[in-house]
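First up is the structure itself, then whatever we jot down about it.
Lettered A, B, C and D in written order, each chain numbered from 1.
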Amino acid sequence: MKTAIFGAGRIGKVHAASICMDPRSELVAVTDVVGEAAEALGREYGVPVRGADEILDDASIEAILIASSTNTHADLIERGVAAGKAIFCEKPIDLDLERARAVRKVASGSKKPVMMGFNRRFDPNFAALEAAYSAGEIGKGEMLAVTSYDPAPPPAAYVKVSGGLFRDMMIHDFDICAWLFGMPERVTASGSCLVDPEIGEAGDIDTAVVILDYGDGKLATIRNSRRAVYGYDQRIELLGSEGLLQAENILENSVTKSTTAGTVSAKPLHFFLERYMRAYGTEWSAFVDAVVDGKPVPASVEDGVNALALAEAANRSLKERRSVELREI
Amino acid sequence: MKTAIFGAGRIGKVHAASICMDPRSELVAVTDVVGEAAEALGREYGVPVRGADEILDDASIEAILIASSTNTHADLIERGVAAGKAIFCEKPIDLDLERARAVRKVASGSKKPVMMGFNRRFDPNFAALEAAYSAGEIGKGEMLAVTSYDPAPPPAAYVKVSGGLFRDMMIHDFDICAWLFGMPERVTASGSCLVDPEIGEAGDIDTAVVILDYGDGKLATIRNSRRAVYGYDQRIELLGSEGLLQAENILENSVTKSTTAGTVSAKPLHFFLERYMRAYGTEWSAFVDAVVDGKPVPASVEDGVNALALAEAANRSLKERRSVELREI
Amino acid sequence: MKTAIFGAGRIGKVHAASICMDPRSELVAVTDVVGEAAEALGREYGVPVRGADEILDDASIEAILIASSTNTHADLIERGVAAGKAIFCEKPIDLDLERARAVRKVASGSKKPVMMGFNRRFDPNFAALEAAYSAGEIGKGEMLAVTSYDPAPPPAAYVKVSGGLFRDMMIHDFDICAWLFGMPERVTASGSCLVDPEIGEAGDIDTAVVILDYGDGKLATIRNSRRAVYGYDQRIELLGSEGLLQAENILENSVTKSTTAGTVSAKPLHFFLERYMRAYGTEWSAFVDAVVDGKPVPASVEDGVNALALAEAANRSLKERRSVELREI
Amino acid sequence: MKTAIFGAGRIGKVHAASICMDPRSELVAVTDVVGEAAEALGREYGVPVRGADEILDDASIEAILIASSTNTHADLIERGVAAGKAIFCEKPIDLDLERARAVRKVASGSKKPVMMGFNRRFDPNFAALEAAYSAGEIGKGEMLAVTSYDPAPPPAAYVKVSGGLFRDMMIHDFDICAWLFGMPERVTASGSCLVDPEIGEAGDIDTAVVILDYGDGKLATIRNSRRAVYGYDQRIELLGSEGLLQAENILENSVTKSTTAGTVSAKPLHFFLERYMRAYGTEWSAFVDAVVDGKPVPASVEDGVNALALAEAANRSLKERRSVELREI
């Protein structure tokens, strides 16, 4: 499956490695508005840097991977669909929900798979939790709790263009909730700026809790912080009628040291590249499965719109200090 | 310290043992509206069953322990204060917040200690977490998460007179939050009936999530369920600017078994009597410290009123589907 | 069951508390060669200090608990048997194996239970491991590994009269192996003095490893150190044909703290009084069960002789640098 | 660094992947006595199958990786040294200690690095333990315990040509002990056949314990079993004067499930390919570091001879039922 990458930044590089590891896919071209980045990535993998139009017009290229900046995602998906490409796009579709819904409409007409990069669904730990839950191992789901803390806050400059904590960071956790529990009826958000005052000055929060109320009585909570000094903290806990599932952090190593100060174990893997390294590879293979073997797309544009709708509801809830019904969004 | 027990039920028996274990206190009388219960407890400890009035009038009795039914607490505290007794009273003061506030006023005039039985503050695990937090070991507190699940729901008959999940069960967790973070500005509650339909028919919920918003941006969440089939689940997690504190469950034993099915460890201690056995003893000794050595009361009537106010706010939030400011209560 | 204590030292006090906690037994007398110690314990429990002869002659005293110094155990057991008492004796029977065998012969003629205080068999964790193993949960036993480290070495003065590491410290671990795997055919010991040179000067070791070879091919290893700075380290691991059982340490509390330095958990309970506190109570109740209800004695004089024989074999193995057949002993 | 692989079996394939992952090394040829295996591996990596002589004669090939059967290792190392190649060789050098010593002499004359594939030294967990120990974090080392169980026994046919448990399986653990504690003075072995009677009939054991006694009083124990039904069990524990280091197993995932049956966690990674996958890559990069950057070889032919000498001593100890001084070997 000949594949071109749009966007040669940090996440583009991760995907380039995944493309090369799956024997069914082949990286054939790279493009980026920053010429140097594209050149560097192209050189590393021995593939040419080409223009976006050129790539879309090249019928031999079967798939495109969109890892460029968020504001380009919606257009590129639409153009990719028009060009008959299979599309893998990093989240989010767009910061604007209406725009994302328009993209969904376009994507629904595509004959080729269009997949969103919700990498956490492919984390082997979260996937094992989901599999156990789906298999009924803890009976009916009742309460879900997602803990998701970054090791350190991004620069305030990034925060300004990020779309805010709910659309930039918690969107992954909204997707986890939707993946496990479906879409809720109501969203209630609380948040504050405790980590970096500049984030507050940029109009955003860095600490947040959200409750999702489901029509059948299920409840989900998400906790986000932009700073956990001990490392990337990514856990899921799911209470069911017949038990509890917990997915714990993955540590840097399995060594413990016991001294007069107690027993010390290693920190969690530092950040998303370390923690989700395996997930990125599995995610890409799932996309190739969809394109090559016709398997269902495991994270669709619909899922992207859903996560964005939850973020929108959370923003409104925070602003208006009330629970927001999802049907308002 | 000569002590009389009001209420010879399950929790009264636990306290009787604590009274005997502390060499500074002595059980001298028992009373209960159910004569048989009082007789049984009296026989076990070789102390006489006496009437409530008689006990209150006996100047040689320095302290009373109130472990009778909730609806008697307020009156007994007031009568005990009038009789010049040191008082240890099980939570809650009363199901009615105004009544509790009236008791607080009376208790504030007492020359002897009046202490509320918030046993969890004395759990060695929670106490170690609190000590580490107070010592600044994780910097400034930011997010608190309390998980508190019972192993099995109580009979619906009990639920009807319990005052509801927030005042009967979550009141302990409200106290934990107040103990660690003080009183919040705003309370937001979600809840549903997923465990036992009879609880729903009795007008109550059995599954709940509450968010507490603090004036300085701190956030706390509490999750309650009336059923965790694997046992009593009592955990606290506290994120600070310099780290995370977690108090985990205590297991029945430390044995693990690894087979082709994975590694199995023991269940958490079954319920509150097992888990908080040590806490009850420590709690009683703290009360004796207050009476005998003049140390400060570690859980006051004020604390009881505060926990009840949070429960009241949660009830209102659930009913009106909105965040409730604490100043409304 | 009226009981007298011989020996009012540290371990005598622990047993006094156990005697009082079991409603079926009653402490009625105390004796000790150190008059002050006996007085203090007697005062604490409100029982008289009496002479050893007087106690043995008092037909109303049904049981004696021997917690005096090791060199008195053998005589007291024999005199107790002659006086028709039920006997609970701290380990070891004697430092001399032949003397212990003579006691065994006497004890075998007793109509009342004679029990040795191998407290670890009553530790709830080790007991749960033994129960799972006996129930066949891991198939046939193959390899046993006992780790047993003290937090700090005893004074060299104590070491001189202790009988040495194998008879004083590892004797407990020999008993654990005999309890789980029975008696081996062969014993191989290695040891050295790494912790305290004075222990070496006193002719003893402070660090040791022993292998037990069983006739059916089973293997057991015991590791001892007089110093584990992080606390009392008491673990058992048992590999079977269908799985592995592990009994881990019990920690001071369940709190963990995650910071930039990793995650720290609490130390193991400091020493035997803390770790085996519950075991002492259960052990005593098992003795009362034997005396009052005629249940089998769970740790007999035979067991005491067996553990001593293993210690003797280990001493010989260490001295002669060869494996020692148990039949040589 | 142009590299040729000798041996296209299971472990050869693992190394082929490592060679390709390190950008400094390139796989250029494959050889195997089984033509089909060589063809398959060559096809997968697009490299030619060539004869052994041809490879050794090709001056453009800088390094050879020896992953062929054990009986070919010694000759290939010697021929490789003669041909001026850098050599990476799987353990063991040879089953015969004298032959291995002869190879050591030849290798000591090589101008290019000759490295033995003791993969466990490169496991990130064991490496972290070693780093902490070397840094003095637990003071002076006192007792080392290595647990190393395979998930299932190999076919008896393999056992017959393997050289026996000590040279085939425990050789890795001997190397771990030598790596951490150096060479001991004395070796004492016990072993039996508990897992598969055919292994016993082939003259081997499948269950073993070894004690290593060091000149300075340090002690090490190794436990091996050919069967741990719960998975590959690979742990190290090191007691020092100031603490304890433990390297625990790595589990398949971090999910736990709590039900009425207790809490279940995942099994250890199944076998060496899963557990040491990362180690193989790191190991290879260390070899490239030695060849390209002149860094010291982290596992030398000397180390290979040492591990073999310990295996030889263990065999003699088992046979003669006595401790064997290393100077006898």
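Here is the rule we go by: a contact is a pair of C-beta atoms (placed from the backbone, for glycine too) under 8 Å apart; a residue touches a chain by one contact, two chains touch by 3 or more.
Keep in mind that what you see is a predicted model, and the values were worked out from it rather than measured.
Novice: By that same contact rule, can you tell me which chains touch subunit C and subunit D alike?
Specialist: Joint contacts, listed by label: A, B.
Novice: Please work out which of A-C and A-B is bridged by more C-beta pairs in contact, and write that pair.
Specialist: Spelling it out, more C-beta pairs touch across A-B than across the other pair.
Novice: What whole-number Å value describes the gap between the mean CA coordinates of subunit A and subunit B?
Specialist: A distance of 41 Å separates the two centres.
Novice: What's the distance between the Cα centroids of subunit A and subunit C, rounded to whole Å?
Specialist: So the centre of subunit A lies 57 Å away from the centre of subunit C.
Novice: Residues of subunit A that contact two or more other chains, please.
Specialist: 228-230, 242-244, 258-260, 266
Novice: Which residues, counting only subunit A, touch subunit D once they are in their complex?
Specialist: Touch residues, subunit A against subunit D: 124-125, 128-129, 132, 137-138, 242-250, 252-260, 266.
Novice: Within their complex, state which residues of subunit C touch subunit A.
Specialist: Interface residues on the subunit C side: 228-231, 258-267.
Novice: Taking the touch rule as given, give the residues of subunit D at its contact with subunit C in the complex, in rising order.
Specialist: 140, 142-143, 145, 147, 149, 186, 188, 190-195, 207-209, 211, 213, 217-219, 221, 223, 225, 227-230, 233, 239, 241-244, 321-323
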